[in-house]
C-alpha cells in the first residue's frame, strides 16, 4: 500500500438528471468532484492510502464534500476548514451533436484563499510516496499558485515523486499566465500528464496533423509533443491522453506514455458515454497506481487507459471501479457480458 | 426582431420516465407541446417576438399550458380561455427496434371547438411579419379548418408571409379529407414544409425509389415532389425534411429547400436520439428564423437542419437551444466536446 | 388459448436507477423476475392462459411478487405460501465496456425448501398443454431438483409437451453436478433451449470456432451442438440463442431452431440495449407461443427472436410486448418510426 | 368467500408528487380509481371474490387500468373494451388550510357511452351475492343511468343484495336531476350509504344543527336523516359517514349504521391524512365485508370505520389493507407502534 | 390592474427533497426566490402587472431565474444581465423540534455589484403605482444600498407609493449598520412591514412581554412598536406579522395593520407547515394587493394574512395561489374539504 | 475525544418512499442501519472516535454498508469480510393509526455466523474507553451470543465501561431464551438501557399502572423497574426510554436515568415523526456521549433525550445531528424557527 497525497480543490457538482438542460430542470443531482479529489478516490478504490489536501468552508456544504470522500475511503484528516465557500460547477450532460456544458461558480472558494503556511507540510508528507496535483489548482489564484509551489518543493525535498496533470482551463487564466506559472512548477515534476490540447495551450507545443474538432489525432505528432516536454522540463515521463470526440455520445479513447525512449500507445477504446467528466483524472490515478504496482510502463499505461475507459461509464466525477475490474478490461474482456 | 404568429393546439404531453412503457409506469413526466406551440417556443428562444394563438380551457391545466409557454418567452396574451378540455397525448419512448408510441386523447379540446369569430384578427396580426400553422390544426374539426382558412386569408390580406407544415395525421382525418381541406388553404401559403411522407399522404405526390420503412430515401425523388408542390399551388418555397429511421435510437436527418429553381440539400446528421418528438417543428422554426435573418436560402436550410438535429437531443417537444448553439453546429462543430 | 404451466422461482430484483453502481446508489428500482416467471408473463401478454407454479413466503414480499404476476394476467392460484424468504437478486446495469453485474442472495428461498408432495399435480396439470422449466430450478437445492423430476414425470404422463431452458448458473452448482442432474430430466423434455454457452457448460458439448468473449459465433458449430443434443437425449427440437456481445450497450442477437433435420437460423438483430436481463426467457416464451400458434418452425423461430429482440428494449425482466408488436418486427419493421 | 359485483367507472388519476400544485409540477403520479373500482379492490384485499363491471377503451390506458385492478386480485374478465377514452381526474393534494382540488376530465369516457345490452347480465351475476354501485355512475350520462337501472333490476331479480353509495357530484348533474334519477334506483337498493352531505344534496333531507364548513356535526340530526331515508325508500339499512374536516391535514372520522331500529355510532378517529380520496369507498367496502362476514351490525360498522380510517393513511384511491390490519385497529390498537 | 415594481435579488434555491438533511442528500430541488421576486410572483398571480427589477448574470443560471419568473407572469424585461454570479441559498427543511436551516452563498452576486445608474428609472417607473423592496437589498452591499436609495427617491418623485419589508438578516449586516442605512430609506416609505423581531433588530424598538423562542407574543406590545415606527418615520401604515413558532411543523400566524389610529389584528391561523419560506413576502404581496383593491384596511389585512397562511402550504418561495383561493379562506373556509 | 467500540450487525434497510406500502411501491430507498451501527454513527457525529465491530460479506452490499459508515466518520477498519450475506430489513413507514411495519430477512447473515476467535480483541480494545452492544446481537445465533460474551469479558478485563441496550426482538428469540442469555451478559454491564417494554420482556420486570397500547406510562412504575434491574445485576446505572405512542405520526418521548439513588426524568417532547427507527439507539449514543463529556447525570440524560428527539425528525437509522444542535434543543429552543 502506497501513500499518495493529492492537492487541489473539491467542488459541489450540480447536474440536471439525465439529458435535461439547466433551463428546464427542476432538480440537480448532487455530487462532488475536482481533478485531484477524483484522483484520490480512484486510488482509495484501488486499495492505496490516499489523502486529499485542500480547504473547505466550515459549513454543511464543506462537510458534505468531506463526507463524499470519506465514503470511498479517502483520508480527509488533512483538509482545512477555512474560507467562505465551496466552489460549484454546474454540468449539463450533452448527447449526440449537443455538447456537454460546464458553468463554473468557483471564485472566492476556500482553497483559492488559503495560504501555504496554513498547512503542516511535515505532517502532510510524513510517510508519503507520491504527490499529485493539476494545472487547475495554481490557476485558481496567486495564493493557490504559491501553495502549489511550496507543495512541490517540500515534496521533492522529502523524496516524493511528483505528478502533474496540465489540465488547462481557459476560464481561469490566459495561456500566457498559465505558461509562466506552470514553468515555475514543472522543474519539480517527474510525471507530466496532458490531454491532446494541453501542451499547446500551456506551453505552445502543438501536435501536427491533428484537428481536435474533427476528432482526428495523429500519433506521430504526439510523440513529438512528448519529446519536447521532456526536453524542456527534464521530466522522467510524459503521458498524453488521446480523445477522439466523435460526438457527445461516442468517443475514441487511447493514450501515450513515454520516458523519452520507449513510446507506448495504449489500446484504443470506442466508448458509449455515460459520464465523461473525470475521464482524464481517472487516467492519472490509474497511471500512478500502475507505475507504483505493475511490472512495466506498458502495463501501467494499459491499466490507466482501461481504468479511464471504465470511468466514462460511471455517473459522477469519481471512478468507482476496483483493480480487478480494470484488470479484466485491460486483459481484453470488453464484451460487456453480464457477470453473475 | 420579427413578429411571428403561430396558430394551433397546445396539448398536455404525458410520458413515462426513460424507456418505461405505459403499461408499467407509475408516473408521467409532464410537458406540453403541439406543432405550432413548439415553433413559437423555438422562435422565442432565438430572440424573435413569437406569439401563439390558441384556446385553452379556463382551468389549472389550461393555465399550466400557458405557463409552459411564458417560461420560454412566448407571448400568450392572444390565447383564449374557452372550451372544456386541454387535449392530451401520451408518449411512450421507443428504443432500438421498439418504436415510440403516441396515444392521442385530444377530441373535444378547446381549440377544436372554438370559432374564427372569437378571435380579434386585427389585434392578432398587428405588426406581425409571419403566420405559421400546420396541417394538424385544420384536421381537428370543421370549425378548426374554418379557423385556419380565416387566419390565412386575414394574414395574406395584411401582407404577412404564411408557412404551413403539412404534418399529416392519419388518426385525425382520411387522406381524402386532408387533401380536400388542404387544397383550400394552400393558395394562401408561401412556404410549404413537409416530411418525407406528407406530400404523398395529403396530395398523392409520391417520391420515387424510396422505402420509408427500410430507411432509404432518394434525393431525386424529392426534387420531383417539391417541383410538383410548387407547380400545383404556386408556392414560393418548399422544404422537405428527410429522415432515415435506422432505429428508434438512431436516425439520419437532412432536408431539402427549394424555390423551384435552386435545390439545396442540407448536411446529413446521424443522430443518437434523446427525444425525437418535435423534430419537424424545430426544423420549421429554424427555417422561418433563417429565412428572416440569414443571408441565403442555403444558410437558412443549414440553420434549420442543425437546429432540428439538436432538438433530437432535448427532452420534451420544445427545442431549448439558442442561435449561437445552432450556429456552432451549423458551422461544423458536432464533436460534442465538453464546453467549459 | 393454450394452457402453459411454468415452474420455478420468482425473485425480488433490486437495481440502482439508470447506470448507477450499487456502491453509489440511494435507491433501488423494485421489480420481480425469474426465468420461468418471465416466461409466464410473456405468454399471458400473448393472450395465452399461463400459470406459474412456485412457492413464496407468506409475507409482504411474497405477496408483492404475486401481485407483479397478476398485474400482467398470470394465473397465480397455484403458488404456495410457504418457507421463510423470497430470493433476491441485485442487478447493476452495465454500459459500454463495463459489464452488468448480478449479485444473488437466493439461498434458503421458499422454492428451494419446498417438496414435490406439497403440490397437487393433478390440479396443476388439469387442462394444461405445456410445461416449461429452466435449469436454474433444479440447481437451487436437491429438493428443488426432485421437484422438477416429479413435475416432468407427471407432465409427460398427462400428455403435456415439456420444454427446458438449460440456463446454466455457475454460482448455483458445478458443471459436473449440473450434468448429472440435467441428464435425469432431459429424457422427459421435448424442446431444449440453450444459449451459446449452456450446452458446453452442462453437457460438455462445445461449439467449434467460437470465442464468446470476442463476440464471434460460428453457425456451423452450433448446428453440431444441436445435433448432438438431439442425439443424446432424443429431443424433438433444440433451439439455441446466439448472442454476440459487442459491448454492454450493443449486442447482436439471433437464434437457431432445429428438429434435427431442418436447421433454421433467425434474422440477426443489432440491438441498442435498455435492459438485457430476461432476454433468453423472452425467446423461450416466444418459441412456445410460436410453436403452439404459428404455421411453421421457421415462423416460430422468427417470432421468438423478434420477441426477445424487443425484450432488450424493455425495463425489467418481464417482456411487456403484444403479439402484434412482435409480429410487426418479425415482418420487417425495425425502423423504430413513431407510431401515432 | 362471497362474490361481490361492483359496477362503475375506473379513471386514470394524475396527481403531482407530495404537496406540489398542478401549476408547478413536472410529473404526475399515475394511479387509477373510481368509487366502485375502489370498493372492488378493498374486497379483493379482504379475500372476497370481487369483480368489477365496466368499460374501458381498447388502448394502452384501458389496459393499464385493468392491470391496476388485476394487481390486487380483482376479477376483470367482465370489463368491456369499448368506447374511445378513459376518464381522467387530476388530484392536487391539499394541506392545512389549503383544500385538495380535483379537476375532472371524464366526459365521453367509455363507460358513459356503453349501453346496458352490451353486457351479459346472466354471466355477470352468476353465483354473485351482492351488487354495489354509487350515485356517480348514473350521473355520467343517460345511458349510464339506464345501465344502472338494468343492473339493479337484474340483480334484485337474481336475489342479490344491492348497495348504493349516494356520492353526489355537483359537476356531473344538478340536484334536481340527481333526485329524479336516484329515486328510480332506490327501490332496488337494500343498503344506502351516504356521506354527511349526500342526503341533503340528492333528496333534500337535511341534518339539523350541522355546519359542514365549520366541521361540526350533530349526531341526532343524522339519526333523523337515516330514518327518513329508510321511510322514503323502504331500505333495509342506512349508513352515513361523518367527517369533521378540521383542515386538509386533519379530519375526524366516524359513521352511523342503522336498520331503522338500532342506531350504532362508530368510534371516532382523529386522522393525520396521507391521502383522503377513496375514504368513503373504503367505508362502503368495509361495510359490505362486515355485513357478510361479521356477527353484528355494530361490528360491521366498526370494521368499516376502522378500514376507512386506515385508507386515509394510504397513497392512492385503493385501500391496501388486510382484514387483520383492520381488525387490529377496530379492536383498539391505534397507537401506531412499529410492528416488527 | 395596477403596476407594481419590486426591486431586489433573485437567488437559486437548492433544497434536499422532503426532510432530508444536506449531509445526506443526493439531489437538490431547484427553485428560485428572494423577497422582492416572491412579492412580484404573488402579485402577478393576483392579476396585477408586476415587474421585477434586478440584475442576473448572463449565463444559464441567470436565464433560468428569469424563466422562473416569466412562467408565473412577472414582467422580466427590466432585469439587467450583468455581473458574475447568481446568489444561492441552500434550504434544509426542518420538522418538529428540528429547525429549518438556511446556508447563504450570495456574496458577489450580480445585484450586489450593480450600480444605480445602470438602470433607466424613467422607464422603470413609467406607469407604475407602487414600489416595493425589503431590507435585504440594501444589506447586500454599499452599492445596493445606494441603489435602493436612488429607487425610493425616484419613486417618490414620480408619485408612487413605497413599501418596505424590514426583513433583518444578521448574516448580511450588523444591527448598527442596518439601523443607519434603513434610517436613510424610511423617509421615503409609506408602508413599513416587519415581522415580530425586525423592529427590535433594526431600530431597537422592542415589543414587551414577548418571548420569541417560547412562541408567545403579546398584542399590546406590538401596538406600541407600530406606534413608535409611525412616530419616528412618519409612515402612513405599519404592518407586523406575528408568528408563534410552536415547532418547525406547526406555527400560529396572524398580523397587525395600523395607520396609527385604527389597530386591526387579523384572524389567527394554526398552520401545518409544508414550506415556510416566503411566508412574510406573501403577506407583503397580499397587503399591497389588498390596499390597492379591497374596501378597507381590515379587509386588506385579512387578505394578506389568509394569503400568507396559504403560502405555508405551498412548496417553494413563490405563493402560487389565486385571488379566489385567498378570498375563500379569508371568508372562513379553512376546513380543507376536497374541492371537486 | 473518547474511543468507543460498538459491536453488532449492520443491515441493508429498504423502505418505500414516503408513506407508500410495500405492496404498491416501485422503488426502495436504500439506507443501512442496526442498533450498534447507529450508535457508532451518532458518536462519530459528536466528534468521538467510534469504531464498529462486525462482519459483512465480501461483496458489493457489504462494501456499501461499510461506505455508509465511513461517510459519517466511523472507523470501519475492525469489520471482518466473511460470511455469505448482509442482513436486510424492509421498513414500511406508518402514519396516523397505521403502524410502521418491519419485515426482517436477516437469517444467515455474516455476523450471525462469525465466531469470537475471528476477532483480534487486543487490537479492538486498544485505547478504548467504552464498549456498547444491544440485546439484538446475542439473539442472532448461539455463536453471536458467544461473541458478545467474549467481548464483554475482554472489555471488562481491559477496564472499559460496558453498556447494553436490552432491545428485545420477539421474532429473534423467545422471552425465556432472551432472559437466560442476557443474564449471563449482564454481570459485565455497567449501564443498562431499556425501552418501556424491554425489562418486562427479557427479565419479567413489569412497570405497574402502564398500558403500552394506550400510550399511558406511569413514572413510579419505571422507578421500580430500574431499582429492580440495579438490584438484580449490580448495575451502575439504568436508563429507560419512555415512549407514549399517540399515533404513528405523533409520540411523546422522555426518559429516566438513575444510579439507584438519584432518579432523573428528562423533559418530555411531543414529536411530529419523520422517521422513528433508530430512536432508541440515538438515545443510547447521546447518553454515552453525555456521561463521558457532560457535568452530571442530569445533563447527560437531557442531552440523550434531546438527541433522540431530533432523531425522530431525520430520515434513516442514523442520527445526523451535531453536538451543537442537540445542545440547542436541550437548552430549550424547540421552536423550530428557521436558522439563517
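Note that the chains take the letters A, B, C, D, E and F in the order they are written out, and that residue 1 is the start of every chain.
The rule we apply is simple: a residue touches a chain if its C-beta (ideal position, glycine included) is under 8 Å from a C-beta of that chain, and two chains touch if they have at least 3 such contacts.
Every value quoted in this text rests on a predicted model; they were computed, and no experiment measured them.
**Student:** Treat each pair of touching chains as one step and give the shortest count from chain B to chain F.
**Tutor:** When the steps are counted carefully, the minimum from chain B to chain F is 2.
**Student:** Comparing A-B against B-D, which pair counts more contacting C-beta pairs?
**Tutor:** By the number of C-beta pairs in contact, the winner is A-B.
**Student:** With residue numbering as the guide, point to the option in B-D, C-F or D-F that repeats A-C in over half of the contact pairs.
**Tutor:** D-F
**Student:** Of all the other chains, whose mean CA position lies farthest from chain B?
**Tutor:** Relative to chain B, the chain with the farthest C-alpha centre is F.
**Student:** Taking each chain's centre as the mean of its C-alpha atoms, which one ends up farthest from the centre of chain C?
**Tutor:** Comparing chain centres, E lies farthest from chain C.
**Student:** Same or different for chain B and chain C, when you check if over half of the residue numbers at their contact belong to both copies?
**Tutor:** Different, since most residue numbers here occur in only one copy.
**Student:** Measuring from the mean C-alpha position of chain C to the mean C-alpha position of chain D, what distance in angstrom results?
**Tutor:** Centre-to-centre distance between chain C and chain D: 42 Å.
**Student:** Hunt down the residues of chain F that sit against at least two other chains at once, touch-wise.
**Tutor:** 18, 21, 23, 26, 67, 101, in rising order.
**Student:** For the protein chains shown, what form does their contact graph take: line, ring, star, complete or other?
**Tutor:** other
**Student:** What pairs of chains are touching here?
**Tutor:** Here the touching pairs of chains are A-B, A-C, A-E, A-F, B-C, B-D, B-E, C-D, C-F, D-E, D-F, E-F.
**Student:** Within their complex, state which residues of chain F touch chain C.
**Tutor:** Residue positions touching the partner: 14, 17, 21-23, 25-30, 59-61, 63-64, 67, 84-86, 88, 90, 92, 101, 103, 105, 107-108.
**Student:** Mind pulling up the chain B residues that touch chain A in the complex?
**Tutor:** Listed in rising order, the residues are 18, 269, 271-274, 306, 309-310, 312-316, 320-321, 325, 329, 332-340.
**Student:** Once bound in the complex, which stretches of chain A touch chain F?
**Tutor:** For chain A paired with chain F, touching residues are 67-68, 70-73.
**Student:** Quick one: in the complex, what on chain D touches chain E?
**Tutor:** Touch list, chain D to chain E: 18-21, 23-24, 94-102, 104, 169-171, 212-215, 245-250, 276-277.
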